[in-house]
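In what follows, chain A forms one complex with chain B and a second complex with chain C.
Entry: the complex of A and B
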């Protein structure tokens, strides 16, 4: 029972990071209708910004989520202007391949500049553990969960309680209609892409605290984020939450209960997504 | 421009005779890698012509490679083991094709990607004495590992893929593929057997990719899950085809000649991170040259070997 609760707690914390990483991707898909394959690399950039701020300026990596998000928000604006906006009306695969190119470039630039070795940060609270009944959780993971939940709640609040959020939802529903009633669609796209990318960078600084940073970290996350948003249904933001929970739980339980399940946990993730997709396609057809 | 194809073949035949002095072996080695990339890219392109973006080439490449290696290590005669590569990859792809038939666009891409990842993990987690686990296996070389001989074998592999591509281009299948790509519903209404055609394209492409995998393994002498099933293979194949020009026979081959030579050159200068060049090229081509390199050519002469 203790092991069961502990596994559940780990799954919950992991699902927080997954949901944060996937929410940005879901936002880009839902509003801009592009699939951003570079999302994982944006996450990696965020992790490295937080890493260097911590090493060079001694800023706490959790506090770095603000500069990490800001850097990626600005950088994604440049990326949007230079490339993304040109493929918005092209076939969807063009956008996919374009962002794939951006991702590969960023990853390899990171390898060139920082080297391929994984980096870790050391903080005073990293080894501190909180015990809640039978379950004990590290302070750092707990903080990342709190940050994730806060940010996701904030995102929902912006989307459903503010004027900007209403504009974003209007553009997502119907680009032409939104344009006709006087919304500046291009600016909404720019803003949404910026928010989505900033969320990735913030998720990156959270991953840095819990695991570390490496140029290769992005790809695993983008695959999982894809799995999550596809399982949720493209563009469905609420679905992202439960899909993150389901996949993180499945992963955690296989890791704990299947002997030698460390490697198999990865497969479970992709098996789930594969069968969800296939099952759905045959059911609805 | 009928002379282009034969000229390229003759040039390829002459590569091992280039008097490159001490670099002779290196030149042949790079040329062999070009052949492998070209064949993989063209095999990917064949199924992309039906409008489905597959991210599973790595799975079929790996299945071909492992089929060859595992059979050869168990005493199966090498030529038979080599044939097992395309057979196994083709058979598996039929199963995958049937299951993913109703998925389109992004959903299809993600499903094939997920499939490739699952296959990789399976081969990593199978018992050590079967697949060698994460460390992989040492593969017996074909033709006793003779470098020049293997280069010519690679050329045969590529020519086989080219032949398949040209055969489709000059048959009714070309129109079926194109119709499905441009609108599956319309194609169905026009009487194109959509299901059968898509499965054919998928299985043919997978079998050819499996053959490339078996060949590459007989040249590289090892299989290892992280590399042999690596997503890098799928990325290289599609980036090469898109750079050269999709839906053509010449495009992927041309793309492979340029990209792989460039990659090897950069590898000498930079030990890591040279793949950035693939990323930059992919971005530039999508933004400024969506038809790939061959579209530059086709702009001047409309009768070039492929495009539509």
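Entry: the complex of A and C
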């Protein structure tokens, strides 16, 4: 029983990280209709921003989530103007290849500048654990879960309670119609891409405490993020939370209860994508 | 007149090119293939630093055969697809007198074919897999400096027995990355530990870099584990240490064997008393090591803890010394002198002997290369073997 409860706790905690890493991608796919393969590298950029703020200025990674998000928001503006906006109306494969190229470029730039060796930080709460009966969890991932839920709730509020959010949803629904009613579609795309990128960077600053920063860290997260947005449904932000929980729980239980599950758990997201797509096509058939 | 002038210039240029070509051909040339980019670049760059330090020393002392030694360093990215063309270029275009470097086992395996075709003298700095050893069976010109994987495991077994003797520890939980590095021979490793009287109630694979070990460590927690022994990469070091605490898993010792550790890990309190295995640390008490550290600091202005740095240094200096002793770059005579090497190096005594699985291959360092250190107050303190220890083994990791 103790192991079962600990596994559930582990899954809940991990789902917070997944949700934070996926939220931005859900927004980018849902509104801009581009599959941003560089999303993982945006997360990596956020982790490195938080790392250097910690090393050079002693700023805690949790406190760095604002500057990490701001840096990536600004950088994404440049990326959008230089490249993304030119492929928004092109076939989807173009956008896919473009973002893949951006991801490879960012990764190799990081290797050139920082080297391939992962970098870790020290925080006062890295060793702090919260114990509830037979279950114990770390403070750092618990904070990540809280930040994740707060940010997703905030995003939901912005999208459904503000004028800007309404505009974003309008553009996501029908680009041409939004343009016809006078919305500046290009500006909304820019803003949405910036928010999506900033969310990725914030996720990076949160995971820094537990796993460090390395140029190769992004790829694993972007694969999980894809699985989550497929399960949640494209553009479904509220679905991101429960899909993250499903993925994290599936992985935790495979690792805990399936013999040899330690390595096999990384295939869980593939299976979930497969079953989701099969189930959806069966349902609409 | 104009035609004569042009002809004169052309002839002069050709003569210069010929002279320069002759001068280059007279220089002793060594090709070095290293991963300077990609996941293995930390080790590759450390080796490069060692090679360049050696080059300075060799040329300051008069070079090789009275000429300046020239090295060609190429980036193979630890990828066979890059390493094979580089190897072929060294032999056919650069016409080097020897090839060194070769860090990864996959690269080592990939060059077996071209090596057997061209038969250059190879002083291999890395590549621990016995697949490389078997691939070069019958090859007369391979000098393999790095211990083979089975030497690494012999060192691990010796260390575990040292731990048991000193503390009574007998239960080991094992985690290993599911790629070739972690999983090759893992079943045999467990069997050998059991044969030596250890209990291994938990052994599980993981995907390196996944970052989430909570489930595996929660499972391991169900057993009264003395030592958590993990085989993986630098990206796994922090998550394993941090998440062990998060789920309340408290082995008495965490012992990991990645090829390198993350930057900043030494200074992190979570790393306190975590043990690692290294071929060398800058705190080594060997006189040749202290000399190496002094020279390294003088050239680069800082320290390194990467054992590939002294490994690169040793490889090039012994190769150059063999050429000088042979008095020629002739492959057979250089090989004969290299085989007679008996040197005190920063990594310990170096003597070549027939390799266990392929006796034609010359094997340099073996399980004696390895030492175990613990992270303590921002430093790597050797704790085993006794001859290298700078402090006692700290037990009860928490």
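A few points about this structure:
The working rule: the second predicted complex is superposed on the first by the 278 of 285 C-alpha atoms of A that agree within 3 Å, B and C clash if a C-alpha of one lies under 4 Å from a C-alpha of the other, contacts with A are read in each partner's own complex, and residues count from 1 in each chain.
The rule we apply is simple: a contact is a pair of C-beta atoms (placed from the backbone, for glycine too) under 8 Å apart; a residue touches a chain by one contact, two chains touch by 3 or more.
Small disclaimer: the values here were computed from a predicted structure and weren't measured.
Bringing the complexes onto one copy of chain A puts chain B in a clash with chain C.
In the superposition on chain A, A:281 makes contact with chain B only, while chain C stays out of contact range.
Applying the stated contact rule after C-alpha superposition, one finds that A:198 touches neither chain B nor chain C. Of the two partner chains placed by the overlay, neither chain B nor chain C lies in contact with A:71. Of the two partner chains placed by the overlay, only chain C lies in contact with A:117; chain B stays clear of it.
Of the two partner chains, chain B is the only one that A:227 touches; chain C does not reach it. With both structures placed on the common chain, the touch criterion links A:93 to chain B but leaves chain C unconnected.
In the superposition on chain A, A:241 contacts neither chain B nor chain C.
After overlaying the two complexes on the shared chain, residue contacts for A:266 are found with chain B and with chain C alike.
In the superposition on chain A, A:10 makes contact with chain C only, while chain B stays out of contact range. In the three-chain model built by superposing on chain A, chain C overlaps with chain B at stretch 20-28, while the rest of 20-28, 38-46 or 110-118 show no clash.
Residue overlap on chain A between its contacts with chain B in one complex and with chain C in the other: 108, 111-112, 115-116, 260, 263, 266.
For chain B in complex with chain A, the touching residues are 53, 99-100, 102-103, 105-107, 109-111, 113-115, 117-118, 121-122, 124-125, 231, 235, 238-239, 242, 270, 272-276, 278-283, 286-287, 290. Looking at the complex, you find that chain A touches chain C at residues 3, 6-7, 10, 13-14, 55, 108, 111-112, 115-122, 126-127, 129, 131, 136-138, 140-141, 207, 209-212, 214, 216-217, 220, 251-253, 255-256, 260-263, 265-266.
Put simply, chain C touches chain A in their complex at residues 37-42, 45, 175, 178, 204-207, 209-212, 214-216, 218-219, 222, 234-235, 237-239, 242-243, 245-248, 260, 262-265, 267-270.
Looking at the complex, you find that chain A touches chain B at residues 35, 83, 86-87, 90, 92-94, 96-98, 100-109, 111-112, 115-116, 219, 223, 226-227, 230, 234, 260, 263-264, 266-267, 270-271, 273-274, 277-278, 281-282, 285.
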